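Quick one: structure below, then a few questions.
By letter and in written order, the chains are A, B, C and D; residue numbering begins at 1 in each of them.
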Amino acid sequence: MTIRILVTGGTFDKEYDERTGQLFFKDTHVAEMLGLGRCRVEVTIRTVMLMDSLEMTDADRALIAHNCAQAQEDRILVTHGTDTMVETAAAIADAVSEKTVVLTGAMIPYAFGSSDGLFNLGSALSFAQILPAGVYIAMNGKWFPWNRVRKNRERGEFEETP
Amino acid sequence: MTIRILVTGGTFDKEYDERTGQLFFKDTHVAEMLGLGRCRVEVTIRTVMLMDSLEMTDADRALIAHNCAQAQEDRILVTHGTDTMVETAAAIADAVSEKTVVLTGAMIPYAFGSSDGLFNLGSALSFAQILPAGVYIAMNGKWFPWNRVRKNRERGEFEETP
Amino acid sequence: MTIRILVTGGTFDKEYDERTGQLFFKDTHVAEMLGLGRCRVEVTIRTVMLMDSLEMTDADRALIAHNCAQAQEDRILVTHGTDTMVETAAAIADAVSEKTVVLTGAMIPYAFGSSDGLFNLGSALSFAQILPAGVYIAMNGKWFPWNRVRKNRERGEFEETP
Amino acid sequence: MTIRILVTGGTFDKEYDERTGQLFFKDTHVAEMLGLGRCRVEVTIRTVMLMDSLEMTDADRALIAHNCAQAQEDRILVTHGTDTMVETAAAIADAVSEKTVVLTGAMIPYAFGSSDGLFNLGSALSFAQILPAGVYIAMNGKWFPWNRVRKNRERGEFEETP
């Protein structure tokens, strides 16, 4: 079983630009993180985009969904900014069926040392291996069906919708 | 659903003693790691022992298995040294049925910064939530039934037995 | 001998705000950094301000210079953003004589794990103990008299002026 | 001015061997640490040995002293285990005059993330640039003449002898 990993950016992959003092994207850290976790799950990684999820347009979401639909693998992990992760999950659910798609992200950039990213990646990759077909969000150690979850911005965590 | 976490030590929880220059156990890092991962899964953590798994006796394994059998929760995560993780899994399988028990550990101490521990914890906790009753090892991003896995000491990773 | 440490902010003390995704100041890390370095030099730490040095006004610099002039200690370390460190050094040189004042900072926030801050702090604190009276910048492992140094923004380092 | 850096091992450079669970030496981290500190001081690094200072013999100390004496540079930094740093300093003082030699080390391995090593390196390199000829130990942010210092093993720090 091979898992397709689609990288879209988000806090996960942000870095500090020491010249400007701003955060920016240089490259994804997913391969490095899998190495640190000594992951031996077969994966193929593709960077679809590297962007802040607050700046994603419908066209961006359509592109991500298209990548899910076209992937040969039927188990897919999408790394994504947390702010609009649920919107993108909905777009994927519209376009894809009969595949297991798990979205995950991070609250703190991996490059900053005290990130939740490595925990989330281990968690999401595990859920992606055994959940049945459907679109899910894996955050805070939990999994949620895409249409029963929201981000609680106040608390910085995901929760089931009532 | 509450997950019972049983801590037994292993590389996961080793620290550097600056007075002696040796590695030792002070306390478990599991709660701190779950905090870093912003885990919101309900867990109860119990430290059964803190030891190097090479030094575990049959009595130690019996105690771990007993803790699994007596736990109210039917989903259990055991942190454990990697060297004899499979032996302890076998002892648990002897004593427990109708529960999902997942063992995990680390190759590098969590306290040393570049550990696989956080990835493994996220992975194991996720498998513990959805695998059916049985005893499993979760390492390298994968899950293995306890009787179909061994540690490849040369490569420092777990693999399916032929 | 006691060293007075005046904290003014700068990259040194920036942190990541996970709610907004922006960098911000919460509190200084200087005491924590001295603890990590097991520093036993007697110091008194005072936070004068916590700001990006690009936003400092003449009034801010006057306040820093005033703090240097009023300090009982005649050896002073100032943590400061790198972008206008030289301007503040000039303001201090105008206001203070017969004291050793060393300014230092960082290119990467200490909280981000791969910072130059701890190295710079160890370096600056050492120079502050033995340089004769004067105003200096300690960066890149070197010390520079305030009027013979500039920041090379292209290279992100300090260099002697020609 | 070029500083000669002589590497001899010590906690500074210890690493964790994940196969054996023991600490060992692989290579020195000094160049990497100078890179992290964005050090622009001209240095030449030579690894004389990589060993625990508790295991050093008189012949080892003679070799280190010889390297100090033969070095073209008259400013030298020696990285060294803390346990017998004072003994080696004495051996160097016997063999070398008219040079500034500064010894430093660490209580926690640099590779373990929360080390004092980067602070100590910044400090020692700074002292090495301006102290007059003599043999010194730079630890805990301070500098000590070699014959007026001892390691307080109980507290894990260096202190002036009475």
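In this section, a residue touches a chain if its C-beta (ideal position, glycine included) is under 8 Å from a C-beta of that chain, and two chains touch if they have at least 3 such contacts.
Note that the structure is a prediction, hence the values are computed from the model and not measured.
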If chain centres are mean C-alpha positions, then the most distant from chain D is chain A
Could you see whether B-D or C-D has the larger number of C-beta contact pairs? C-D
For the interface formed by A-B, which of the candidate pairs B-D, A-C or C-D is equivalent, sharing more than half of the contact pairs by residue number? C-D
Inter-chain centre distance, chain B versus chain C - centres from mean C-alpha coordinates, in Å: 45
Would you mind pulling out the distance in Å between where the CA atoms of chain B average out and where those of chain D do? 39
CA centroids of chain C and chain D: separation to the nearest Å works out as 26
By residue number and range, which residues of chain A touch two or more other chains? 107, 114, 156
Line, ring, star, complete or other: which one describes how these chains touch? ring
All touching chain pairs, where touch follows the definition stated at the start: A-B, A-C, B-D, C-D
Write out the stretch or stretches of chain B touching chain D in their complex. 11, 14, 16, 18-19, 21, 23, 52, 107-109, 111-114, 153, 156
Touch list for chain A against partner chain B, complex: 33-34, 36-41, 107, 114-116, 118-127, 129-131, 138-143, 156-159
